[in-house]
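Listed after this line are the structures, all set down as structure tokens.
Presented sequentially are two complexes of chain A, the first with chain B as partner and the second with chain C.
What follows is the complex of A and B.
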């Protein structure tokens, strides 16, 4: 059995790397967009708020797999050819952005009004208030919910296997196909997913402690 | 020639929806003058202060600080809201102290005071630090520079908040019930700092329920009720000979303390 696992390690390892790369790209892109989306929800002009609201509600209401298929199979019809992995990252990032927008709105919105009053009163501009007063305090409230989203994204990244990206899930499938050891290798995959997500939670707990000045 | 007023309110009116909060307030505050505003809760005192640094917008009237119109610009008779940067620049000249302190909890006392100095006054860090330290010493907190707000008592927090506002060297200071959230034994230390500031010649508008402070420190006391100024005058006049029933009734609540 050990031989089997060792023999399949390179393939599974490559799959894991793809899963990590996809998840990281989705989170970076999705968090950046979500930050913008959240600030639009909170501080945007009326039309901007509405646009952000509709975006968030629609994207959260559509299955991620449908988004991936829509972009991978649908965009070429519009003349936009995209590799499977790019389509998967884009689809999940758009989904992630919708969730992060809500998380940002919640975190920033929960900072007491007196904080922005005080920041205004010493003459800080909107940007300065956000940068020096509001966002540093929001980070501590933002992280726990963000990690939940991140964990969901790592798990959802397995959906890209359905457009034939050889991520951890697809690699595992291939190994199982070759060895017929379904239980063994899906257990290996499950453990690897769990380890990634557990590490994520631990990291965030550390960060949270650093950002809390209660 | 009468002394020129530093803060001028002309016909100031504000509503929240259909509820009028301020119903035409006229008020002039001279440079160096200490004006204490008293009145029952809901009389519009806090809103009045918050209009002066444009934390609240208003529908009618004008506010001038050192000759410049607050919040709005008039352009061919049209009233236009000033852009964020302009509002911010004017706010820097109007210090405010809040009932709930509102210190920035993620910054030390020193950082709280330095923030406006580096970001708004554009002092270099050394000069900002020097000025911040000197103000914190002046409010008696030279030993607490590196403390976070959560490590300070209410009275200490409020003194940091005063230092944060005064260090900006504003033209006028607004105090919005600065001692109302404090335990009784901590009120004195904050009032003392405020009195020192008043004696140093700072122009101050103070909303408070501390009648003794009004009597001893104010040059003029303004009594507000239901969104208008009902009566104003020297503390001796106002407390000694209230002319309206409303003021007599209001002062009645404080009788045992006076």
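What follows is the complex of A and C.
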């Protein structure tokens, strides 16, 4: 059994790296877009707010897999060539951005109004209020929900295997197909996913402690 | 400029409509089975002995950190390799989705059980109900009403998750889209329609649920 695992380790290791790379790219891109989206929802002009609201509600009502397929198969038809992995990252990042927008809105919205009023009363400008009063408090509330989203994204990254990206799930499928050791290799993949997500949760718990303002 | 051609989509609309119906049915069934699992696991977590608590917690933590697709593959490809070929692709998917849903529903029900006021339980005990009667006539009905909104959200995400069933050729909505695309390659049109169908189904469900919630809301 051990030599089977060792023989498949390079393939599974490469798959894990792809899963990590896809998840990380999606999270970076999705969080950046989501921050913008969240701020649009909160402070945008009326049309901007509407646009962000429609974006968030549409993206959250469509399965991630449909987004991936639509971009992977649809963009080339429109003349935009895209690799499978890029299509997967783009689709999941757009989805992630919608969720992060809501998370930002929820986090900032949960800061009592009095905080913002008080900051205005002592003469801070909108930017200063955001930077020194609202956002530092919002971070502590943002993180737990963001980590939930991040865990969902790591799990959703397995869907890129359906457009033929050899991520951890696809690599596992290939190894199971070759060795027919289903229990062993599905367990290995499950443990690897679990470890990645557990590490995410642990890291966030540490960060939360640092950002929590009692 | 891209030339739209909606004909192939509407000629095959029956495929999509049937797929949508199948997806809703699968999600409903997974919700029902998952609720049974979730209810049992939630009571294990709140009322169970230490080993039962540990078992339920491990189940929840394990399943919530593993991709649904991997669970599907395990049930559909893995179990037959272990000599257990009992389920076809649709039932494999329902089993996988129910297992997956069970973990989320455990947390939903646990929160519901914990939200039932202590005073309610004590009052029920005070009028002489046994522990089992308290659970049956007080905890469960209150928990159900408290959990209803989260239950609804879980149903909507399960419905969206049925799209993953296309990976093992379950003829639901996403698979319908793939089929039409293979034959006609009207990718943009197909995914616009399919996306819209998912979207409207999700909003229709959430509309119905909100009405039910309003009807059943506990007067405060």
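Throughout what follows, the second predicted complex is superposed on the first by the 214 of 214 C-alpha atoms of A that agree within 3 Å, B and C clash if a C-alpha of one lies under 4 Å from a C-alpha of the other, contacts with A are read in each partner's own complex, and residues count from 1 in each chain.
We adopt the following convention: a contact is a pair of C-beta atoms (placed from the backbone, for glycine too) under 8 Å apart; a residue touches a chain by one contact, two chains touch by 3 or more.
All values reported here derive from a predicted model rather than from experimental measurement.
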Fit or clash - chain C, chain B, common chain A: fit
Contacts of A:46 with chain B and chain C, given as first, second, both or neither: neither
Touched partner set for A:209, first chain B, second chain C, both or neither: neither
Larger contact residue set on chain A - chain B or chain C: C
Touched partner set for A:61, first chain B, second chain C, both or neither: second
Contacts of A:158 with chain B and chain C, given as first, second, both or neither: second
Partner chain in contact with A:186 - chain B first, chain C second, else both or neither: second
Minimum distance between Cα atoms of chain B and chain C in the superposition (Å): 28
Common interface residues of chain A - those touching chain B in one complex and chain C in the other: none
Of chain C, residues touching chain A in the complex: 2, 61-62, 64-70, 73-74, 77-79, 81-82, 160-161, 163-164, 166-167, 174, 177-178, 181, 185, 187-188, 191, 194-195, 198-199, 202-203
Touching residues on chain A, where the partner in the complex is chain C: 58, 61-66, 69-70, 73-74, 77-78, 151, 154-159, 161-162, 169, 172-173, 176, 180-183, 186, 189-190, 193-194, 197-198
Residue numbers on chain B that touch chain A, as the complex places them: 53, 55, 84-85, 88-96, 98, 100, 102-106, 115-116, 119-120, 148, 150, 161, 164-165, 168
Chain B partner contacts - residues on chain A that touch it in the complex: 112, 114-115, 117-126, 128, 132-133, 136-137, 211, 213-214
